[in-house]
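Both complexes below contain chain A, partnered by chain B and then by chain C.
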Partner chain A sequence: MTRTIWSRIALAVILIWTLLPIYWFLKISLLTPDEIARFPPPLYPLEPQPAAYFNIFGFDYELSNGITRRASGQANQIIRGLQNSVIVSIIVTVLTLAVVAPLAYVFARLDFAHKNKLLFAILLAVALPPVSTLIPFYSMYVQLGLNGTILGLVIVTLTITIPFVTWMLIGYFRNLPQVERLARIDGFSRMGTFVYVMLPMSRSGLAVAAVIAFLFAWNEYTYALILVNGTTANTLPTAISGFLFQHPEPQHMAAALALTILPPALVAFLLQRHIGEMNLVEPVR
Partner chain B sequence: MHKAGAADLTHLMAFSPSARTNELSNFSFALILALPVLVFLLLVVAYPLGYALWMSTHEISFFGGYKAEYVGLEHFADIWDSKKFWKSVRVTASFTAQSVILAMVMGLVLALILNRPMRFAGLVRTLVILPWCVSLYGTGIMFSQLAKGQTGLGTAIAAALGGTDAVNFVNRDWVIQVLAIGNAWNMTPLVAFFLLANLKTIPTRLYDLAAIDRMSPLETFFNVTLPPLRFTLFVFTCITTVLSMKLFDFIFVLSGGGPGTTSAVLTYQIYKESFKDLDLGYGAAMSFYLLAMILGSTLLLYFIWGRREASNE
Partner chain C sequence: MASIHLKNLKKTFGQHVAVADLTLDVAEGQFVVLLGPSGCGKTTTLNCIAGLEAPTSGRVLFDDTDVTGLPPHARNIAMVFQSALLYPHLNARANIEMSLRHSGMTADQVKSRVAGVVSMLRVDHLLDKRPSALSGGERQRVALAKAIVREPSVFLMDEPFSALDAALRNSLRAELVHLQKTLNVTTIFVTHDQVEAMTMGDVIVVMNNANVEQVGSPDEIYNNPQTKFVAGFIGSPPMNFFEGAFKSENDRLTFHTGDMALSVPDALRAKLDGSIEALTSVGIRPQHIRIVDAGTDGGINMEVYAVEHLGKETVIILQSEAGDAYRVLTDPGFKAAVGERVALAPDLAHAHVF
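And now, the complex of A and B:
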């Protein structure tokens, strides 16, 4: 009896820890301007209304009392940011998977010269702080004309996703059963073994890898802030930061933020049971 | 039947020594699959790093035309003597230590709770992973709403208890803690889910044996649950340390290094030197100190902890 009470309390604690910050900003997105200006801040929306979610897409919204909440001036930025974010994230996810699956497989299953040194280089790339490569990238991009372009953002985002996802998949491939010899006996070439045997076997691992790559690309802000902010290639994060410093309408910012959480939350929901199959520990063992 | 036999035979014949030389060796196969990526990584990681190294030994000025003058290691020496730099190092260390400890403890607690049989386990898992889907700038916005006086939870609770003042946690005394909590909140699901995967591999038989030995829950935890987790704990301590030290956008959004310079971590200081003060050489040199700090602390963790765990396995 006491055990179930304690486990319920424990469950309550972790749910509060997890959900309170999310609840707090979702609440703000549903507030009316009067409620936002109110002091002390209300614990919950007294008259919840979805005006902000319409406003950020450029629609006016009429409240039940006849007052119209005007569309946000940032709507164009948000819509374009959303488009760009989707494009960049999908391209990055596809490229990352295409590139990383063979790379991780090679590191996980084959022995070759200088393997450990190369592996260390990949881990070093994970440890590199974005602030220290920002300026070099910036000046490189100015010379190549890649500033403010989607291509530039894709390239720079790949430098984040490739090392991390490679590292993740190495551990995953190592834990798969050793079927290469069997496949070879059945007449598969090395490449054939990889393409027709290993890749289908590692579907769930590749799916999680895709989610991770998507998440990194979708949430990338530091590079976007310097490289594409204020251009036609701006992404959703930079569009939101427009709210941050210019136009104090917290409910719009909160609604836009909810928009950014939705896609990754959906994929995470679909794939949460596979995340445990990944292994970040194996490669460094 | 006969045909199949013939096919087998030709197959066998194809596997003659001369055909075998067409087979790729490990190294060349690895090269074909890995080389394009490695070249790409070299270009996009080594080049910026080399460029940063070049900048760090130059005094770069924009006023009166772009000029780069070689100054050797002067920037590195200046930074070493700078009080602001050492303050940033202390802030970074304090923020990192608090973030990592909180993320590891909460990650372990979450994993242990998720590992117990319960109703709606899938739903709980989905909810618990949510913070990880939130971007770091998003976490910054959320925690600034939560902690600042005008919109904050502290004010709301204080008011409910009869207080009249705004309770602002983004102040000199608490800003580091607010940052650490937000950062830990974002990293915890990652830690928890990998620890959970590890917990699932512990045979239930061991828990039965522990029950026969009449171990208390605490003894069971230290003797059965913890030992197989230790190496994973070490690896994730390293990962969270690296992530916390290189963190920028979250702090930029939440506190902007303030109030004053109370939360000016090294990444923020580098950003400020490079983009606000436009002292590119100085900023680049400082980023190498940061890189050294990141690598140094991971190595330190390895030598005082990881080496022992690796040999215990």
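And now, the complex of A and C:
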């Protein structure tokens, strides 16, 4: 009895903790600048305005009282950032899955020489803080001409998503039942087993892997800031950070932020069944 | 249907010998049980027959064909794994159909084959369910259907019933034996449960420590165990062993164990045929021992350690002064109190000497 009460309180705290900031900037995005400037700030939008959402895409918006809210000067950056973010995230997700699914499968289910050493190398890559490789990547990219390119950003993002998602999927693959023997009796080759049995069987795990790779690529900020910021390959997070140095239009920034959480929310919503199915609490044995 | 011949089969994992040197002939249509304690090499043997493991040396023949180098699918076998392994992401129907995926059959042929097996095993109502939605017994029947649908020449089963409760095991046991006799498919069944082995097998292969201890019908294995291991492993409650020596004095043969001397009846004497070693082990089943009053002539003094009521009979567990345990089967009415001093009178006419 007390347990349910406490778990409810805990749940409430977590919900407030995660949802309150989101609510706050969603609210700001629907306010006018003078409402935002008011003290104490309004707890909810009295007259919700979609103006900011038009403005950040480069459209003027006329309020009901005849005042026109002008398009944001950042609109071009935002639109291009959004495009680039979508492109980078999708490419990274697809490539990560294509590499990681066979890689994690092999590590989890097959035996070969030096397996543990190679596994350790992957763990090392996971443990390495991204910032530590930033400078080497930068100087290398300068020589290769990859600075300010989408290709460069994709490559550097893959160096993080691949080891991390591999590590995560190894645990998932290990816990699947020993159907390889069944598949061999049924006449599948090694490759056939992987393609026709293991992949369909691990839809949930792969879905979660895809979400993680996508979210990582979508949220990536550090590398983007150094490698592509201010170029045509700029992504949404760095484009938004440009607002910080502009004439203060908090509602534009809030609307742009809402834009950034939309795709992840959508992805998580579509794949929630699989996320529930895959027990991420299961430790890697 | 095929006969199976294992010739000097050997399998090692690094230094570890899993199967030492196994030679075995299984006739067409026979139901052979591999029986032995955990880790004795039963699964390894079965996997070598299936082609899931390559033997280190030795050969596997189906009829006259050497299949040692063939992959599992080319051997025309079907296998049921421990706890009825199925593809978890496919429903029962798809699981059964998977067995025919590489058979080159047309969709219609597959359909009619599956329909036949499904009605034979009465799993029609389960076809749309995933394995996780099936009970243990249902899963087992689907696994059997998946095996049978191939119409293989050999069935291989690795402890298929080990995860089921006793009642379900009983009914599936009968069903499997019936099915095997109806289809007349050569079957090798692995278990560490002696009841399963005794009730199902035409032939039992008792294994221990990577070696075959004895091959024979359930009767032979029970009544004429060739080694002490087989004698102790088969039968419940297990056989009692008395360590001691035979002594021959002016035409009278006696068996000395502890400070007791038991006279040897002619029945046992005939079995010994002169080969009397100094130190031997004499095994007597619990039903061939009586409990008599302490101090009775020809009895070995002991203390009652525990009493187990089985309904049809009662098992009295006795402890000798040396601390060894002995089991005696008595009528259910037999009264004994723990700690009571009694004597144990073995009937040496039924003794096995090792």
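Convention: the second predicted complex is superposed on the first by the 260 of 285 C-alpha atoms of A that agree within 3 Å, B and C clash if a C-alpha of one lies under 4 Å from a C-alpha of the other, contacts with A are read in each partner's own complex, and residues count from 1 in each chain.
Just so we're on the same page, a residue touches a chain if its C-beta (ideal position, glycine included) is under 8 Å from a C-beta of that chain, and two chains touch if they have at least 3 such contacts.
Keep in mind that what you see is a predicted model, and the values were worked out from it rather than measured.
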Task: Please indicate which partner A:Q178 is in contact with in the superposed arrangement: first for chain B, second for chain C, both, or neither.
output: second
Message: With both complexes overlaid on chain A, does A:I162 touch chain B (first), chain C (second), both or neither?
response: first
- request: For A:P40, select first, second, both or neither according to whether it touches chain B, chain C, the two together, or no partner.
  value: first
Query: Which of the two, chain B or chain C, is in touch with more residues of chain A?
result: B
- request: For A:G187, decide between first (touching chain B), second (touching chain C), both and neither.
  value: both
Task: Give one of first, second, both or neither to describe whether A:M201 is in contact with chain B, with chain C, with both, or with none.
output: second
Touching partner for A:I9 - first (chain B), second (chain C), both, neither: neither
Task: Overlap the chain B and chain C contact sets on chain A and report the shared residues.
output: 187
- prompt: Which residues of chain A touch chain B in their complex?
  reply: 7, 10-11, 14-15, 17-22, 24-25, 28, 36, 39-43, 99-100, 102-103, 105-107, 110-113, 118, 121-122, 124-137, 139-140, 155-156, 158-159, 162-163, 166, 187, 189-191, 194, 215, 218-219, 221-222, 225-226, 237, 240-241, 244, 250, 253-254, 257, 260-261, 264-265, 268-269, 272-273, 275-281, 284-285
Statement: Listed in rising order, chain B residues that touch chain A in their complex are 11, 23-24, 26-27, 29-31, 33-34, 36-38, 40-41, 44-45, 47-49, 51-52, 55, 106, 109-110, 113, 116, 118, 122, 124-139, 141-143, 145-146, 150-153, 155-156, 158-160, 166, 182, 185, 188, 193-194, 196-198, 200, 231-232, 235-236, 239, 242, 245-246, 248-249, 253, 267, 270-271, 274-275, 280, 283-284, 287-288, 290-291, 294-295, 298, 310, 313
Message: If we count contacts the way the header does, which residues on chain C are in touch with chain A in the complex?
response: 50-52, 71-73, 77-79, 81, 85-89, 98-99, 101-103
Message: For the complex, give me every residue of chain A touching chain C.
response: 176-179, 181-182, 184-188, 197, 200-201, 203
